[in-house]
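In what follows, structures are represented as structure tokens.
Shared between the two complexes below is chain A, which pairs with chain B and chain C, respectively.
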Partner chain A sequence: MKIRKHVQRISRTALTFILATGMSGTVITTALAAEGGMGADAIPLPIELSPFKQRIPENAANVEAGRALYERSCIWCHGVNGEGKGPVAYFLSRDTAPHPRDFTSGIYKFRSTLSGEMPTDEDLFRTITRGIPGFMPGFRGYSTEDRWRLVYYIKSLSPDFKDAEPELIKVVGTPIPPTAASVQRGYQVYQKFKCWECHGGGGAGNGKKAGTLKDDWGFRLPPRDLRRPSSFKNGNAPADLYRTIMAGLDGGAMPSYSDFFEGSEQEVWDLINYINSLAAE
Partner chain B sequence: MKKHIMHIALATSLILGLWSTQALAYKVIDVSNGGKITGVISFNGTPPANPTLKMTKDVDYCGATISADYYVVNNGKLQNVVVSIENIDAGKPYDKKAIIPFDNKKCMFSPHVTTAVVGQRLGVNNTDPILHNTHLYHGPKKKTMYNIALPLKDRVIKKRMRKPGIVTVQCDAHEWMLGYVYVSKNPYATVTAADGTFTIDGIPPGTYKVKIWHEKLGEVVKEVTVTAGGTTTLDHTFSQ
Partner chain C sequence: MRITRLTRRYCPTALLALFTMIIAWTSVIPEAGAVPAFARKFNVSCNVCHTRPPRLNPFGQRFQENGYQIPGTSDGSVSRKRLLGGELGGATLDAISNYMAVRLRADIQQASFRDATITEASDDIEIILPNIVNIFFAGTASDDLSFFFEAEYASQGEGAVAFERAFLVFDNLGGHQVANIKVGRFDPAAMYSFPTHRQQINPVGPKAETAAFPPPIDRIPLLPLAFSAKMFGLSRGQRLADSAAPTDPDLLSEGFAILPFEPLFYNAPVSNGISVHGRPFGTNFLYQVGIVQAQTAENESRTTFDRYLMLRYDWLGEYSDFSISGFIYNADKAAMPTLNPAGTLIYATDAVDWQRYGIAARWTSKWWDIYGTIIWDEIDQPVFAMAPASLSTWDTDAMGISIEADYLLNAKWLIGVRYDSMDAGGLSLLPPALQGSDPAINQDASFIAVIAKYYPRPSIGLYARYHQNLESSVKLPTNVFGGVEHPARNLKSMITVGVDMAF
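Coming up: the complex of A and B.
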């Protein structure tokens, strides 16, 4: 109860907080670049070898500690009960996507798991560490232990995490050099799999289906402008793009392609080289 | 206060957990002298007009407009109504490996309404030469179940239906597309045909709650008694 009042009282201060933590995409990107770029935290492949495995136990004490951290840093956007309606949510976007996530919904975009599955703990850890360019600051400032505590607290907000045994996307191959031939092959894949119908022929996010896309909460959600990799919410290293394409971003309109690449996963690496070749920044 | 809420949350998740294990508890038994429920679902009066859907994309292939298929009424008989026996935990066998067909066809879903048993797979196909994405949402809160791209024609993607309930199917690329899959806990669910009729057979004798559901007209639950080898008639008439 006290917390709720507190949040209301300082909602204006919170806006300042947001500006100070660098909510603009550029600031975040610069911060990431200083740490060696987005790629630094990319999941090395195969996914099983994620560096985030060294973790602390998921117990009541750590969930509770996570809650305290949440109330310090996340409540402003994600709200008192994790329902995504913090006082600052309003300033981010009113009628357009994304709104801060409602953690009680159990819907997650940035996953290394198949569409419809819950994210892995490592996925959540990565999101909290890196933040979301343009929308959410990264929390590298918190110790590894504290970031795990946040993961456990977030998980406690949705019953869908209980007994979840998410199935991972299949990772085949590793990034390949962006030779002209690979980029050309990637272009063919982009055409064949009709990414252009949403993202546009030149990747500008202006395909014929772009205009009407919405997220699961009914807010307008345009396809990403693929020429601006620093705006990619899920990261722009090849391993990140592999996750985006195969898993899709559940809750938004970006669909999962893992079924269609089954047996020809190598083509994803060409497609990634093509996307990178579009970069105009 | 917070603690209290946590306790309630814990209790709720325990109950939910229990409920979901029970949902999976359907047992196949020998139903040698099963009964049958059969009937006709009707609509009384003039059904509401189906809206005309404006197809704003892929017009050259799908056409510019089409009438929605929310109310399909022929001579007062209502198609696309789900009829399901809710409380049978043990009964006739069914094909667990069956693939339930679900097609993207001319920028509409075909069939518009279908049923599947928990654990069976939906075989989503795209017979159009254009991109569709099939986005399945579970339950009244419409939680995303799957969002799969269907860029290529005639490639069936199989997706398992894990939880019982109504699944709403949409396509982000064509916002007018709408369909439903009723996922039942047992193989005693069906959809009415064009003449409004349905039949459910192989039912162990007993008294059951039968749910009759239509996407726009809502649901009705009726109690029905089935006798060994007998046929019970169950008719229902919806009206506005």
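Coming up: the complex of A and C.
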């Protein structure tokens, strides 16, 4: 196949022009910016909701700005319409859960609210910031304002957020020292609620029900290996575990235990100490 | 390091047994031991960026385009980094494990030839452990300042495909994805819809001698033939011959001969130069322009540069992504038509210009990954000063096609098939007084390859692959290419089992 040579050649002048315009007016900064917003390791949410002083108004302009950010960063997994049908979805996880969140469904795993409730804005903000170990990188590279814009756009994808007033889980007490007595009490709780049926006796995620669990979309859902806290999708700090246990993971196999612990919430902190004692990392 | 040549007999049972043992071994490797640098840094699975390693999925492509920063962000100084210097600032650093990674490939190869080659007896089994080892240092030094350094050890010997990259990228100049400038030694086609690197069916290097002309080719490389030079009868000219005796074929330097099967130009594994890419008009449209140091131009003492332009359009759908790319690459005075009729090299009166054009497309849908490219090459008509060389026949056009389809059977198994075809150009017929009844020299080549790949862990791929030459045998006289079979025909088939792992 022949194409005329004058069409084939790339103009040196054009290249020079493109290089010059690309570089003009741009300063390559080597000074390094400190992270805006939340720190990497110590996030108090949702035990006490942070005021997030930099929170911006939720309005149409910020929703639209959030859409632009979504199309840069989130569309690959969550899809054009936010239904979790991005081109990466099945390569990320062919047959097993989790698949990317369907933002139109109104079902969210990572909440500080009661099971069946919508998440708080701060819940969404936290997930965007921290990511999900194994599956979603954290977006700390976005400014705090931009992360709020993403939150607002995501909320706009589901009518369930409109006028939602989610009820927060009840938080009683604070993390307690992991004494032998506390761990022992936690072990009793682990047995009482049959956590081993899914997570296994040693917490390896190999309980007798492990092979049968599926999420609401029919994907196989292996229970978490409790020996590997770094893989906990909802975080591994005591506050994170409290939230996971009490709120459950809607859409998945992990139920909410808030009703079971009604009046004995202190036991949750013992259970958390027991879970942490299983860590092999 | 090649350990040994096991046996001259083909033994599929032994290969199968060994492959099974490797699978069993890797199945008990702790998962934490197999996470490459970027996955470690961002605490995600390899499959966030890969369809299956080493192929990038659309998210991984954008991560690469953005200078190893999360798409849409400029998080080069933030994500998973420590601030040194406290309030004084000054530097943020990754832990070394967040930017250092090692990739190791090892093969057991069984090639089958029509005729014995010059230096290799046919039908040997070779264990090549390791085949290729790459050590990467890649990441971000700051916001929008990225680096990539790759040191490679390749054991495939002379003529092996050597991938060694080292470059800086200044990202997001003039605004998000307006311009990203890459400077250094890089692979130009990294953003093409069918990139040169990252093949599920890894390249198998050639066994050839480039310090001779015509180049003896024991075994052609097994790689996407569309990337190949495709032109026969070309050299890098007198500058790579001994200056005192530029016509003596015994005094040639390594790399003198241009192998018709080596990847070149835009599709070269590595080039030195500057590239600019970006998406200033939204997320769908990508441009890339570049200038790179000429890879083949000779006969000129000054350094010359090749130029290229690539445009790409991306479309996203439900569970799918489609991209189409087109490029043009122009190389002035790129190669010297050369003949060796009787032990003396004869050069054309001038080096020829070389143009390359290509289009590529890729479609991913759920667990399918299908991609292909057509690449055309065109050189000027060679001119020789006098007979008999002036009576030689040259084909100035060539074309190559490579198409691959990969299918994810389940989370751990991938199968793939690739078809390669090369419509060769360059020297077609020697002058009548020299050719006798020889068939055309620039014989076409085509292969089909199939692969089954098993990932016991996301970053460990165990594979078995088979290449079949689709062309029938064409005899050529001895001394034209050093053997009694044309190199495009001599390799009948190859079966390979191996491992491609990163950690």
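The definition used in the following text is that the second predicted complex is superposed on the first by the 230 of 281 C-alpha atoms of A that agree within 3 Å, B and C clash if a C-alpha of one lies under 4 Å from a C-alpha of the other, contacts with A are read in each partner's own complex, and residues count from 1 in each chain.
We adopt the following convention: a contact is a pair of C-beta atoms (placed from the backbone, for glycine too) under 8 Å apart; a residue touches a chain by one contact, two chains touch by 3 or more.
Keep in mind that this is a model prediction, so the values were computed, not measured.
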Practice item. Using the superposition on chain A described above, determine whether A:Gly134 touches chain B (first), chain C (second), both, or neither. Key: second
Review point. Looking at the overlay, does A:Phe219 come into contact with chain B only (first), chain C only (second), both, or neither?
Key: neither
Exercise for review: With the two complexes superposed on chain A, say which partner A:Ser256 touches: chain B (first), chain C (second), both, or neither.
Suggested key: first
Review point. A:Tyr187 contacts which: chain B (first), chain C (second), both, neither?
Key: neither
Exercise for review: With the two complexes superposed on chain A, say which partner A:Asp95 touches: chain B (first), chain C (second), both, or neither.
Suggested key: second
Check your understanding: Which partner does A:Leu69 contact after superposing on A: first (chain B), second (chain C), both, neither?
Key -> second
Revision key, fill the gap. Note: overlapping chain A surface for chain B and chain C spans 1
Study note, to complete from the structure: The chain C residues in contact with chain A across the complex are 32, 42-45, 47-48, 50-52, 57-59, 62, 69-80, 83, 89-92, 141-145, 170, 173-174, 176, 178-179, 181, 274, 276, 278, 283, 289, 291, 307-309, 316-321, 328, 330, 353, 355, 357, 364-367, 369, 376, 378, 397, 399, 408, 410-411
Practice item. Note which residues of chain A are touching chain C in the complex, please. Key: 1-3, 5, 8-10, 12, 14-15, 18-19, 21-26, 28-35, 40, 69, 71-73, 75-77, 79-80, 83, 85-96, 131, 133-142, 228, 230
Review point. Considering the complex alone, what residue numbers of chain B touch chain A?
Key: 1, 12-13, 16-17, 56-58, 130-131, 133, 135-137, 141-152, 155, 157, 159, 172-175
Check your understanding: Touching chain B in the complex: which residues of chain A?
Key -> 1, 105-107, 115-116, 159, 162-163, 192-194, 197-198, 208-209, 212-214, 216, 248, 250-251, 253-257, 259-260
